[in-house]
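Below you'll find the structure I mean.
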Amino acid sequence: MSEMKRKEEILVNISQVRKKKIVEKHGRLRPIFCGGCGHFAGLHAVYHMMSELGIENHQLVIVSGIGCSGRFPMFVNCYGFHGVHGRALPVALGVKLANPSLTVLVVGGDGDGLGIGGGHLPHAARSNVDITYILLDNSIYGLTKGQVAPTTPSGDVTSTTPYGNPSRPLDPVKLSLVHGATFVARGFSGRPDELNAIVVEAVKHRGFSLVQVLSPCVTFNRNETYEKYYEMTEPLPGERDLTDWDQAMKFASAGEKIYTGIFYQKPGVKTLDEFCVGVIRKVGEFDDGRITGSLSGKVENGEGKVVE
Amino acid sequence: MSEMKRKEEILVNISQVRKKKIVEKHGRLRPIFCGGCGHFAGLHAVYHMMSELGIENHQLVIVSGIGCSGRFPMFVNCYGFHGVHGRALPVALGVKLANPSLTVLVVGGDGDGLGIGGGHLPHAARSNVDITYILLDNSIYGLTKGQVAPTTPSGDVTSTTPYGNPSRPLDPVKLSLVHGATFVARGFSGRPDELNAIVVEAVKHRGFSLVQVLSPCVTFNRNETYEKYYEMTEPLPGERDLTDWDQAMKFASAGEKIYTGIFYQKPGVKTLDEFCVGVIRKVGEFDDGRITGSLSGKVENGEGKVVE
Amino acid sequence: MARRQITIQTCGGAGDGSVATGALIARAAVKLGYSVLVYDTFPAEIRGFGKTISEVRVSVEEVTARADAVDVLIGLNNVFAIEQIKTLAEDAVIIYDSLPGITVKESESVPHFAGNYMSPYGVPLEHTAQRVTGRKLGKNVVAVGFLAKLLGLPKEPFHQVLKELFLRKGEKVLSQNIALFDEGYAYEEVEYRLIELEKAPPPGEERVIISGNDAMTRAAVNASLAVFAGYPITPASKLMENLAKELPRYGGIVVQTEDEIAAIGAVTGAWFAGKRAMTATSGPGLSLMSEIINLGVMTETPLVIVNAMRGGPSTGLPTKVEQADLNIALWGGHGDSPRVVLAPTNIAESYAVLQDAFDVAEKYQTPVIVLTDKFIAMSHTSVPASILEEKRGSTRLEYTGPPEAYRRFAITETGVSPWVVPGTPGISYTTSGLEHDETGAPGYDVPNHVAMTEKRFRKFRAMLGDLPAPVFEGPEDGKNLVVSWGSSFGAVEEGVKRLWNDGYSIRLCKMTTIFPQHEDVMRGAFERAEKVIVVEQNRFGQLAKFLKGYYGISADEVHLPGGEPPSPGEVTEAVKERLLV
Amino acid sequence: MARRQITIQTCGGAGDGSVATGALIARAAVKLGYSVLVYDTFPAEIRGFGKTISEVRVSVEEVTARADAVDVLIGLNNVFAIEQIKTLAEDAVIIYDSLPGITVKESESVPHFAGNYMSPYGVPLEHTAQRVTGRKLGKNVVAVGFLAKLLGLPKEPFHQVLKELFLRKGEKVLSQNIALFDEGYAYEEVEYRLIELEKAPPPGEERVIISGNDAMTRAAVNASLAVFAGYPITPASKLMENLAKELPRYGGIVVQTEDEIAAIGAVTGAWFAGKRAMTATSGPGLSLMSEIINLGVMTETPLVIVNAMRGGPSTGLPTKVEQADLNIALWGGHGDSPRVVLAPTNIAESYAVLQDAFDVAEKYQTPVIVLTDKFIAMSHTSVPASILEEKRGSTRLEYTGPPEAYRRFAITETGVSPWVVPGTPGISYTTSGLEHDETGAPGYDVPNHVAMTEKRFRKFRAMLGDLPAPVFEGPEDGKNLVVSWGSSFGAVEEGVKRLWNDGYSIRLCKMTTIFPQHEDVMRGAFERAEKVIVVEQNRFGQLAKFLKGYYGISADEVHLPGGEPPSPGEVTEAVKERLLV
């Protein structure tokens, strides 16, 4: 099937999803992505997830950095924080810790998340803070018009690698497995139904969940196309033990194929927010573990006591 | 064997190494590490490597960040750069690209390398720049007196986790395997001979090499002790195919044991410095691929031509 | 009467070729001996949305500022053209697209919205293109043909530019474009020349059209740059992209790092190893580099950082211009952290200033921040080709004593210590961001810290002779001293010229070197003036506050924030009311 | 004549217990009604090397500065004691360790090095300890016993402090310590009281000894802090460590993040979600936070950042003090990026100032940087327990209109927009670091940017009433106006008092709120004074240059860099020569 046909198919798919009365999930602004941009599918997966899980608009916070993908929260009818490049995860951590009752999503690009922001992913994952990270991976810097990204394959020519990309690409699936994420998945904008389902599961998961979305940039990346991914991707086999880390890593590092689906899911691991609430419950004056900061606080201090 | 005895043994070992006429490798300043600190063994492994490989003092550059481990270059008779916290890898990259004929080491702590500097490791590794990274891992922030580190086990009580560490630790061996490092190893300060041998191999390797050193902090970490590591570590079995990534990952993620030795080594992968020199050789006016920046340069520009 | 300068604006949607139109006009004008300034405005940051505008100022004299208003509008899209009308000169000429046979509702037509004194010309742009090429593409070339005729310019240079552009795409493409142009040129006999351009002096030396990013690309290559490390950001990305291609030809390397911290880290390492290195960024990236720039100050490692300013704070206005990063450039380091801050005022100047940056950084072992902005970095102008040829090389202070006596941070009279680089036999040292003694070993005692701090400050006096001194224009005894910097200086200069004509007594000062200060010169200038007025494009009055603080003087501040380069008219307006007469 | 204040310095190697000695003296002194200031100096950053010094200033009056010189030295290690002699007062008393039966070479003995007017007392410290406890430990308690006798202080309060310290370690440990103290007390009849302390007024209200880090711990808890995110760095780490333990007791959370960028990011997120949050760092960390603090300015997100200054630039002098981070605090953001900068001048003040920071940050939706330094953060002083009790809570400007009319960045007269937090039904918005319109949607046009910039600046006028105004001392018509800030203010105040005694005409100004400026007050003060002198502990003259630039005035700058807190004597010295008489 030609790339154009594929794209049309996606748009039809999307329009069907749209019909599902999720218009009230749309943000005030209309998406400014180029026509055919893979990021549309990510956006619709979030609309879908909201209606599927009955998450009300005001209960959702989407945090993003900078990039085409960074504009995401503006297109969703929820609370959004469009911060600086690469720092969405720490901001989301703060949101979740301050108010664990909110559903917190992070959305961002490959440059945002694995380049400039790459230092934060390991720690968000290993803390198992209960947020969902949707990484819209187009293997290019879209917003700045086509520079090499951390997921760009070796040898690719981009505006800053005119003689080819000297480095080997990073794989967020393998990375987050090693970081200790408790939910790791990959979707593809060209298969919106699968992506929708993955995002629903990711948000349902208690703990840190990562969803890499293969999300072609139709304007600046002529290599990582829908075409290529239709050929190279394959859904993971069903009926697996999702808690088997070794197996997940095996599928993730199977050279020939790019698998999509849920690689790994380990439920029941204490999340950072649960941990914090637990500590408050244990030592706090309030036994309900509310995160508030307290006005009734009285700090112990003996007379004439050197506190330090 | 009691911890004290172990420590004495190490010191004896170290003093034997010292005898090997490597005194001329000592820096102007004498090490300020606490007695028994694991970092001593790392230091001696570098002295040993220099004499073993016949690397002359002026050919070696050691770059470090901040930490007890960060003081390292001052204790070696070579060129050293003791920069800011967490940024040793980028600085080392600059050194190596500017002058590929230098041998470049990075030495730093677990906080320096996996906490604040954790965003740089993936990219140094995947670029395969020809430097050796010795990560002195004591699972604690030594210099600032005992805060939790990225490699601190879950539950450990430290000065900033009085109710226990809520996060799961990172493992630099697994990380760098996934980042695409072409040489990945682990040593232990309590087995200096093995460590010495590993560091020699790491420096000999052309490409990015990572050596994690289990390097107990005897002053601020009462959990990750020599004792513990004598019990838990075990040298990797010999006679393996070092280029087998899957096997390396298997050993690295074998829960019960902490293996030491060389997990993975893939020779012959083009290094970033080779790549750059190659590009210059291909397109440059000089065919020897020297990295100089040129005085004879003349930029093409047609008459009245819009260059941008 | 023929005008000495005319500004032509082209507006259109994505794919209409507004930018190409501007380039075509500019190149032909340069062939005719005119000076040009091309200012492009892009819509949102993502492709395919909104209005793109290209503005070409064509002048008999050198131009470095935008004009007060647009004299000719080429509307490739009529809806956008109507929006632009408010920005035009009262008597502007409007070239818009008319469709023969189709009548547009009067109330929606371009002429309906045009001002009373404007002259709208409907030209069948798209229709002609369709007829000539069978496609809609090329309507902009028709418009340029008509424009040339309107202004009374010969066909020749336009044909030549089309040849340069399209010959490589084949004879057919070229001849079609020539035909498009000629159709436009022939469209209608323009009887009364409503707008006429004075003839330019015959073209003298060879001139090229370049942007600031282009000029700096060439400056860096010709200053022996060996390592460029950077991270993309508007409006600086193009400099890295240019160098990525060019630099390896001259034995240099370009790496895109994972972020700006790594970029400045790699630049630090490369200089430490003895090679010339640089990075380029914009405000957000400069913020991230703060810590390592400061490390450069303490370790006396040269650094060259180009910071192309855009509107702030934070992500701000990524495609707009402001000169508001002076504060962070000067003061963005914790502790007492002096660094060189230079700011060229136009595209041509950016070449020499960047080369000075390399020389001073290396000779005095100090970070140098070069502030440009979106206007300089991404606008284009015509400059003599010869000014892009100067070459520079190492200015390192060599060590000549015996190896064993070498001290990396030896305290000297100038504050500069001889510098031996890694790889040199017989010597070793560790450079540290900790306060250190002469050998580089940590040293925290009071006398050492005081002596080392003084050493680090002393260098900034020693280097003054190597840095561009403030340039003055106008009467030395001018009552008013107007000081300005950055790309808005062009508008300030033009504005002040008008005020001179109006009889005001003004001395004008262009400040390119902002730190260190040419103190004697400036103190003298401040003393002679009765009133000081500092004009700049930011809200804080950043240079003004710095000068006032540095010299303990009082001065009027003129702030021109907003995101667009100020025009000379705005400057006269704002300055006039503060002048002593 | 009995003195109104005495400074006792204890020096020793690792394990000698210098710091514990200082604490013991200080606590007993407080029980006796004295004010104390405890200033500890640590050696290199890693344990076990070099000299540790604890200096206790004991005074009948409130003290906030170090003394000019040390009156009594307790040498727990004689080599170090000899090194310290040069820092002592001419007539100092030295208590050093003598070993009965062992004669030290005359030329290596402490008395040999002591000045002519000094009185060295050899006391068998270690020997006594050995005898009483069977171990060397405890020699410092012997020394304190001797000191108490020397100064004519009663045993009682010392016994009581020992009880508080050691009872939990068991009766035996306690009784040993009491015995050690008593042995020292009884060691030798001191016949002529060489040094005597005036009796303190009877202790009034309850007083506690705390450090700045401690005071801020309590201030934060009592200001309803919900989320602390931080990364360790000297001298701020202790604040995080304290809070890690304390905060959960009051429903708050502490996380150590992977770096300072993540810390300030998490603080941003927590405030965005509507909870009070803060971080604490020092210069290098503040540099890294630049970009996100600036995001807070643009997104109008409150932030509270404590920056405990140390010597710079770069890693600098991590265990020393300087007030040199004012520039980066004020100007460390790119673009026009105003933020609140507060600086308490002493430990007690740091409590209220931090609480103000929370209130102002939340009410005006702005980042607030609170500058302390190593002297404030890590020294200890006695303060009335009652000043640590004040509680603060939400100051958020609520929105009362209909949900559909809500605009997150509504332009108001004060510049402050009503603030609805995530989780509130019926409303949604996205906060962006891009320039935006009232709804939060990106908006780059000139009028919008100008209006929003003005809004962001306007807030800073509105908040002045909620921030500590400058405090003046001395004659309102003083010829000289001395302005100072930060922890060196204590020494400046004491120094100025001496100059008053010498008859100089000085008005003293303490500046705690540095940005925004209480402009009317200050302008008045500058106008009244004939001369302005700004005194501070940095090389640039950072506050001086800021005030000169802000007000367009001239002023003399007094710089006191070096790494150690200045003493009142240094201040009088430096200021005197600049005074108008």
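Each chain carries a letter (A, B, C and D) given by its place in the written order, and its residues are counted from 1.
We take it that contacts are C-beta pairs under 8 Å (C-beta built on N, C-alpha and C of every residue); 3 or more make two chains touch, one makes a residue touch a chain.
Because the structure is a prediction, the values reported are computed rather than measured.
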- Between A-D and B-D, the pair with more C-beta contacts: A-D
- Comparing centres built from CA atoms, which chain ends up most distant from subunit A? D
- Note on the structure: Expressed in whole Å, how far the mean CA point of subunit B lies from that of subunit D is 38
- Per the centroid of Cα atoms for each chain, what is the distance between subunit B and subunit C, given in Å? 43
- Task: Could you grab the centroid distance between subunit A and subunit B? Build each centroid from C-alpha atoms only and quote it in angstrom.
- Result: 31
- Note on the structure: Each of the following residues of subunit A touches two or more other chains, namely 66, 84, 115-116, 118-120, 122-123, 150, 163, 272, 276, 279, 282-283
- Message: Residues touching two or more other chains, restricted to subunit C: which are they?
- Response: 44, 248, 258-259, 284, 291, 295, 299, 314-315, 432-434, 442
- Item | Residues of subunit A that touch subunit B when the two form their complex | 114-120, 122-123, 126-128, 150, 163, 166-171, 174-175, 177-180, 245-246, 249-250, 253, 270, 272, 275-276, 279, 282-283
- Query: For subunit A, which residues are in contact with subunit D within the complex?
  - Reply: 27-29, 56-59, 61-63, 66, 73-74, 77-84, 87, 89-99, 101-102, 119-120, 122-123, 272, 276, 279-280, 282-286, 289-299, 301-308
- Note on the structure: subunit D contacts subunit C in the complex at 44, 283-284, 286-288, 290-291, 294-295, 297-299, 309, 311-320, 322, 324-325, 327-328, 330-338, 432-435, 442, 444-446, 449-450, 453, 457, 538-540, 544-550, 552-555, 561-564
- Query: Which of the residues in subunit D come into contact with subunit A in the complex?
  - Reply: 23, 26-27, 30-31, 161, 164, 206-211, 213-214, 217-218, 221-227, 229, 238, 242, 246-253, 255, 257-259, 261-277, 291-292, 295, 299, 378, 380, 382, 385, 388-389, 391, 393, 422-434, 439, 441-442
- Item | Residues on subunit A engaged by subunit C in the complex (per definition of touch) | 32-35, 66, 68, 71, 84-86, 115-116, 118, 141-145, 147-148, 150, 159-163, 219
